[in-house]
Amino acid sequence: MSTVTTKPARGIGIRRKTTKAKVPNAVWGLIGIVVFLGIWELLPALGIVKPEYLPPASEVLVALAKDFTLTAFWLAVGETMLAWFIGLLVAVLLALVLGLVIGMSSFLRRATNSTIEFLRPIPSVALIPLAVLLFGTKIESSLMLIIYACFWQVLIQVLYGVADVDNVAMQTARSYGFSPFQRIRDVIFPTMLPYLMTGIRLGAAVALILAITAELIIGSPGLGKEIQLAQSGGAIAGMYALIVATGLLGVLINVGMRLVEKRILSWHVSVRGEIIA
Amino acid sequence: MKTLTSLLYILALPVLLILWWILATAGGASFFVPTPADLVKTFIDTWIGERMFTDVLPSIRRLLIGVVGAIILGVLLGLLVGLNRTARAITEPVFEFFRALPPPVLIPVLMLLVGINDGMKVAVIISGAIWPVLLNTIEGVRAIDPVQNETSRSYGISGFARIRYQILPSAMPTIMAGIRQCLSVGLILMVISEMFASSSGLGFAIVQFQRSFAVPEMWSGIVVLGLIGVIMSFIFQWIERRVLRWYNGLKEVENAV
Amino acid sequence: MLSNSNGTTGGRTLPEGEALLSVRGLKKVYHTDGGDIEAVRDLTFDLGRGELVCLVGPSGSGKTTLLKCIAGLLGATSGEVLLDGEKVTGPPKKMAVVFQEYGRSLFPWLRVADNVELPLKNAGVPKAERKKLVEEALDAVGLSHVPRSYPWQLSGGMQQRVAIARAVAYEPEVLLMDEPFAAVDAQTRADLEDLIRNVWKKLGVTVLFVTHDIDESIYLGERVIILSSSPTVVQEDIVIDLPAERDQLETRSLPRFTELRHHVYAEIQKAKQGHRPEEAKTTFLTNPK
């Protein structure tokens, strides 16, 4: 009895190699960027939007270029990245440890399920007032929000990963007298690694969002705070420039994390010789 | 008996935590942490009553409008772009940029462009919550099985009919995942837009409490936010289970093989 | 004695206006980054009304390409396909296709009856008539007991039956089948082969059946068109003169069956080795006895 999956794959039978694309995708993408910048330039220039509210793209890009020469800018970037990194690191370590401990015990899994499902949807921004009370405008405020939000992202993934471990492999390891540590290293970790990487990738994006949010709202050090300062000081083009910089930072992080994930997972595959679904 | 054990599992840890909380504050509330009794009382005093109508319901209303708007716009745009390879290529870098941009950062921008009003808050929610739906719709439509497409074509199912009968249902699992993210982003943006630029609403109220050091009230506000998040999550899961019943069944069968 | 009516290379053709489906000089070239690939060079044959014709060939002989061109799912580089005298430019209304991958062709979010009903619904057939057609189609394939099931709850053979029911309910003039039983186990395949012959006889539909299974093509077909290897032309067009009543055990043990099978097998071996026919023959093999 064969059940055919609905995983999409290449078309039936025909050894169809991709027909020559007349214009490569990268060129289309570039066109998209140019069109977007063009519209941005025209909207204030034509008066459709007041230039005080939306400076033309050229003005913003010039301000951005200027920022790149200022130490204060890079300092702010560094502060954001510091909060991002530490927050993500702590969250990942906590989630990994707790996830393994909970995941390996079916009792713990069932006992903690309701609590996790209840705490998970609580938006971390709800903790902003608490953070302000506890830490004021120090970087610890950012960290509190980042760690709380990222922790859940990674924890869920780790739990999925541990749940995906092949029972037979686990029992075999146990019957051969593997210590818990060995079981984790040799049986659980390889299966869980792709899930962990997904969790870290998601957490990385969330960490940036929360870092910027904390800086914007609370005033902890970083790009978000600079944006808020620019806004209240009326430096509108500068504010937009910083926003663009934040977006670029986000893109860098996303791209970087995808590369890291690919690297680690390909090493993982070559070492383990398994195919990861 | 089985339901009893399930019930036990669900309640055990939360009950333990609450007991611990009661014990820890038994000697009197600290500045930062109220006793459970305090919190319940404050919760009722603060939120059940006038504030429900001046702050809570308007916030929820804005959230719903924003999220529904984001979903509709996101799916429509996603269909338009997803079905056309050139459109996908053109929009990809710009969309990637906006996906990576932390949504709260657009609040100052929208304040300038739209002013400080209800419209701005809804705009903030939509501006952030649309991306997961939009990008997931594009991805869902892009990845449709070619055999399915050929089946539709061979039976003359095209245009709107094809979108309705084949494309949307096929992409629904991916779209639902995007909607789930959309809901959490929407909630975050609702809170932040009110904390940052508002004189009413849930977020504003909580910040006011914090600024005036009304700590138990602040906590009660956090609880309200938590409840909204949890309720939204449950409602979504319930809807998802029904809409994707076929998908869940299919996955079960596949995994059993 | 049957022969080509126009004397050129190709399969059997019928006099003007008699054929339901005409393939004339079909050619398909794929343009890829690595250069041009001529999948199909020149295919010419006719299908008369109510015929059951099998297409057989070595793997890579462009069987699926050919079927897709006929179905209007793929555009030909040159040559044409005529259905009832009209040129096929896109999927024609009077044709239905049964794909090999039944799991991916049936819509998993629809129940069996809804899957069968969908093309009719899309064509604007009124509800009462739809219901009747669906019931009859499910009955014809032996699946009246599972209309409310989802396809993925059924076995592979049953899923393919659903796909066949869907095609049958559509009341097409021509039924195209692209190696429909390749992904199914042998026992189920035998049942499905008999099902196709029954459906064909009962409904009088014209069937073009593509397969790589030689035995299957002979068992099923009134006629077998053997394809050469790529770039494909018609290698040979054979009439199957087995009795009209076919049975898995009886028919397959007939000496005539064995002869035909030998012949087709030999031709395919020749095709695999790149033997290109000077002119495709329409063969009515005489019984050596």
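Just so it is clear, A, B and C label the chains in written order, and each chain counts residues from 1 on its own.
Operating definition for what follows: a residue touches a chain if its C-beta (ideal position, glycine included) is under 8 Å from a C-beta of that chain, and two chains touch if they have at least 3 such contacts.
All values reported here derive from a predicted model rather than from experimental measurement.
Under the contact definition stated at the top, the chains bordering both subunit A and subunit C are B.
When C-beta pairs in contact are tallied for every pair of chains, the largest tally goes to A-B. A centroid comparison over C-alpha atoms places C as the chain most distant from subunit B. Taking each chain's centre as the average of its CA atoms, subunit B and subunit C sit 51 Å apart. Centre-to-centre separation between subunit A and subunit B, using Cα means, comes to 17 Å.
Contact of a single residue of subunit B with at least two other chains is seen at positions 145, 147, 150, 250, 253-254.
Multi-chain contact residues of subunit A (touching two or more other chains): 3, 5-6, 8, 12.
Residue numbers of subunit C whose C-beta contacts span two or more other chains: 68, 99, 101, 104, 108, 152. Only residues 68, 71-73, 90-91, 93, 95-97, 99, 101, 104-105, 107-110, 118-119, 122-123, 150, 152-153, 170 of subunit C touch subunit B when the two sit together in their complex. Subunit A contributes residues 3, 5-6, 8-12, 25, 28-33, 35-36, 49, 52-54, 110-115, 117-130, 132-134, 205, 208-209, 212-213, 216-217, 224, 227-228, 231, 236, 239-240, 243, 246-248, 250-251, 253-254 to its touches with subunit B in the complex. By the touch criterion stated above, subunit B contacts subunit A in their complex at residues 9-14, 17, 32, 86, 89-94, 96-109, 111-113, 143-147, 150, 184, 187-188, 191-192, 195-196, 203, 206-207, 209-210, 213, 215, 218-219, 221-222, 225-226, 229-230, 232-233, 250, 253-254, 257. Contact residues on subunit B toward subunit C in their complex (touch as defined above): 145, 147-148, 150-151, 153-157, 161, 165-166, 169-170, 172, 246-247, 249-250, 253-254.
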